[in-house]
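What follows is a pair of complexes built around chain A, which joins chain B in one and chain C in the other.
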Partner chain A sequence: MAEQVQMLQSKIEEESKLLQTLQREMQKYVEGRQKLIEQSHENEMVKKELDLLEPEAKVYKLIASVLVSQTLQESKENVSKRLDFIGKEFKKVEDLIKENTNKQIAKKTSIQKMQEQLYQIVQAYQQSLNK
Partner chain B sequence: MSQQQEEQKAIPLDKLTPQQLLQIKKQIEEEVQQLSQSLSQFRIANAKYEESKVILKRLDQTPKDNDLLVPITASLYVPGRLINPQSIMIDYGTGYFVERNTEQGSHFCDRKLQLLKESQDKLSNIINQKKQFMDKLNIELQKRVMQVQQIQQQQQQQKK
Partner chain C sequence: MKFTSTDNIEVDRQDQQKINSFSRLNMQYHELIRLNQARKDELVRLSDGKDEMELMDDDEKIPYKFGDSFIRVNVEKARTLIDEQVIQIKKQFEEDTKKIEETLKSMNNLKAKLYAKFGSQINLDDE
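Our next item is the complex of A and B:
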């Protein structure tokens, strides 16, 4: 009985550590997702403002402390591309989050089962002692 | 609103233990605090845009070739001359700047202020909803306390 108990206990520890790793991963994903939302917002606002500009408007882009002149067309295309990119990254992160959630649920279930097993073994042993 | 209603339907308040009620109350309190901080940040942003509008108006009234001091660093200024009081550079975000005149700049500030106002209103609504929910929680907690007191009184009377 003691062997079984030890084995279960060490397995439970292992799985709990894996669960913690999953949770830390999840936090990173959530933070990344939040950043993407912010970036998407900012780019949306810039796109809206650029749409209001007349074609001759002087647009500049900040490239490492230098304001470089751009055409309105270039800037609009650039911002659209950025928005597309952010959208794709966002989908990726959402998929990763889904996967991670499922993995966490699976781990928690397995840990719970092992804990129940452990409990049953200990109960059975105690009962056998009482007899 | 619908999410909260769902929460309340899913777990009717009177079925929760006092400890759970306290837990939820703490959670909501923290949320309200965070949201209130965001709200004050909104107010700061509001003030900045209003200030920018005022400065633009003053720029309009400044004559051309006005002498001024240009900051090169935080502590170094260089004398200069205002060549075109009408032309300003606006930071649109994500590294894009656009050269506009003061009127267009003022319109830009107006649009931003409008966006800010909309977001602020949404945020205020959410904060109010959460506060209302907290009030309900408090009422429920008080009920529990009174229930416990009643039971205690009954027990004391029975002993006599």
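Our next item is the complex of A and C:
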């Protein structure tokens, strides 16, 4: 009985550590997702501004410390490409979040089952002592 | 019947000071890492800036960022200014790389002592 208990306890500990890893992973995904949302908003705003401009308008791009001039066409394309990329990355992270959520649920269920088993074993033992 | 149990070892004043020091060093370490990563990114952007100016004539004027304002300078001057910035950033990067090494050394020293006393009751790794 003691062996069973020890085995279950160490298994529960093992699974709990794996669950913690999944939770840390999830946190990173959520942070990443948040960043993508911010970037998306920023680029959407730029796109709106660019759409308001006349074709002859002067556009500049800040690269580190220099303001380089760009054509309106170029900047629109750049923003558009960036928004596409962000969209793709966003879908990726959403899929990862979904997958992680499912894995966490499975782990929690497994841990719960083992805890129930443990409880039953201890119960049964205590009852046998009371006889 | 034998269940696994965790013995609770007492934390004395010196231990607490070690833990506090470790915490300080850990925060310093993460901050230095963050700064150096930002410097790396800045160096890449500065290099991109130089690339963009490649196609321009040396005496063409380009707005250069000074703080929150822009001053039109010659492309040649802009290149020089960028080079100076790069030297500065690389210097800071090197200095902080050394600090990171030293900080890690101190952290590992404390880790060894604290793990020796507390074993699995303390967690000093969080990566």
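Everything below uses one rule, namely that the second predicted complex is superposed on the first by the 131 of 131 C-alpha atoms of A that agree within 3 Å, B and C clash if a C-alpha of one lies under 4 Å from a C-alpha of the other, contacts with A are read in each partner's own complex, and residues count from 1 in each chain.
The criterion applied here is as follows: a contact is a pair of C-beta atoms (placed from the backbone, for glycine too) under 8 Å apart; a residue touches a chain by one contact, two chains touch by 3 or more.
Remember, it's a predicted structure, so these values are computed and weren't measured experimentally.
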| item | value |
| --- | --- |
| Which superposed partner A:Val66 touches (first chain B, second chain C, both, neither) | second |
| Partner chain(s) touched by A:Arg82 [first = chain B, second = chain C, both, neither] | first |
| More chain A residues in contact [chain B versus chain C] | B |
| Touching partner for A:Ala57 - first (chain B), second (chain C), both, neither | first |
| Partner chain in contact with A:Glu49 - chain B first, chain C second, else both or neither | first |
| First, second, both or neither for A:Val5, with chain B first and chain C second | second |
| Residues of chain A contacting chain B in one complex and chain C in the other | 60, 62-63, 67 |
| Parts of chain C lying in touch with chain A, wherever the complex brings them together | 1-4, 42, 45-46, 48-49, 52-53, 62-65, 70, 78, 81-82, 85 |
| Residues on chain B engaged by chain A in the complex (per definition of touch) | 89, 92-100, 108, 111, 115 |
| Contact footprint of chain B on chain A as seen in their complex | 39, 42-43, 45-46, 49-50, 53, 57-63, 67, 70, 75, 79, 82 |
| Touching residues on chain A, where the partner in the complex is chain C | 1-2, 5-6, 9, 60, 62-68 |
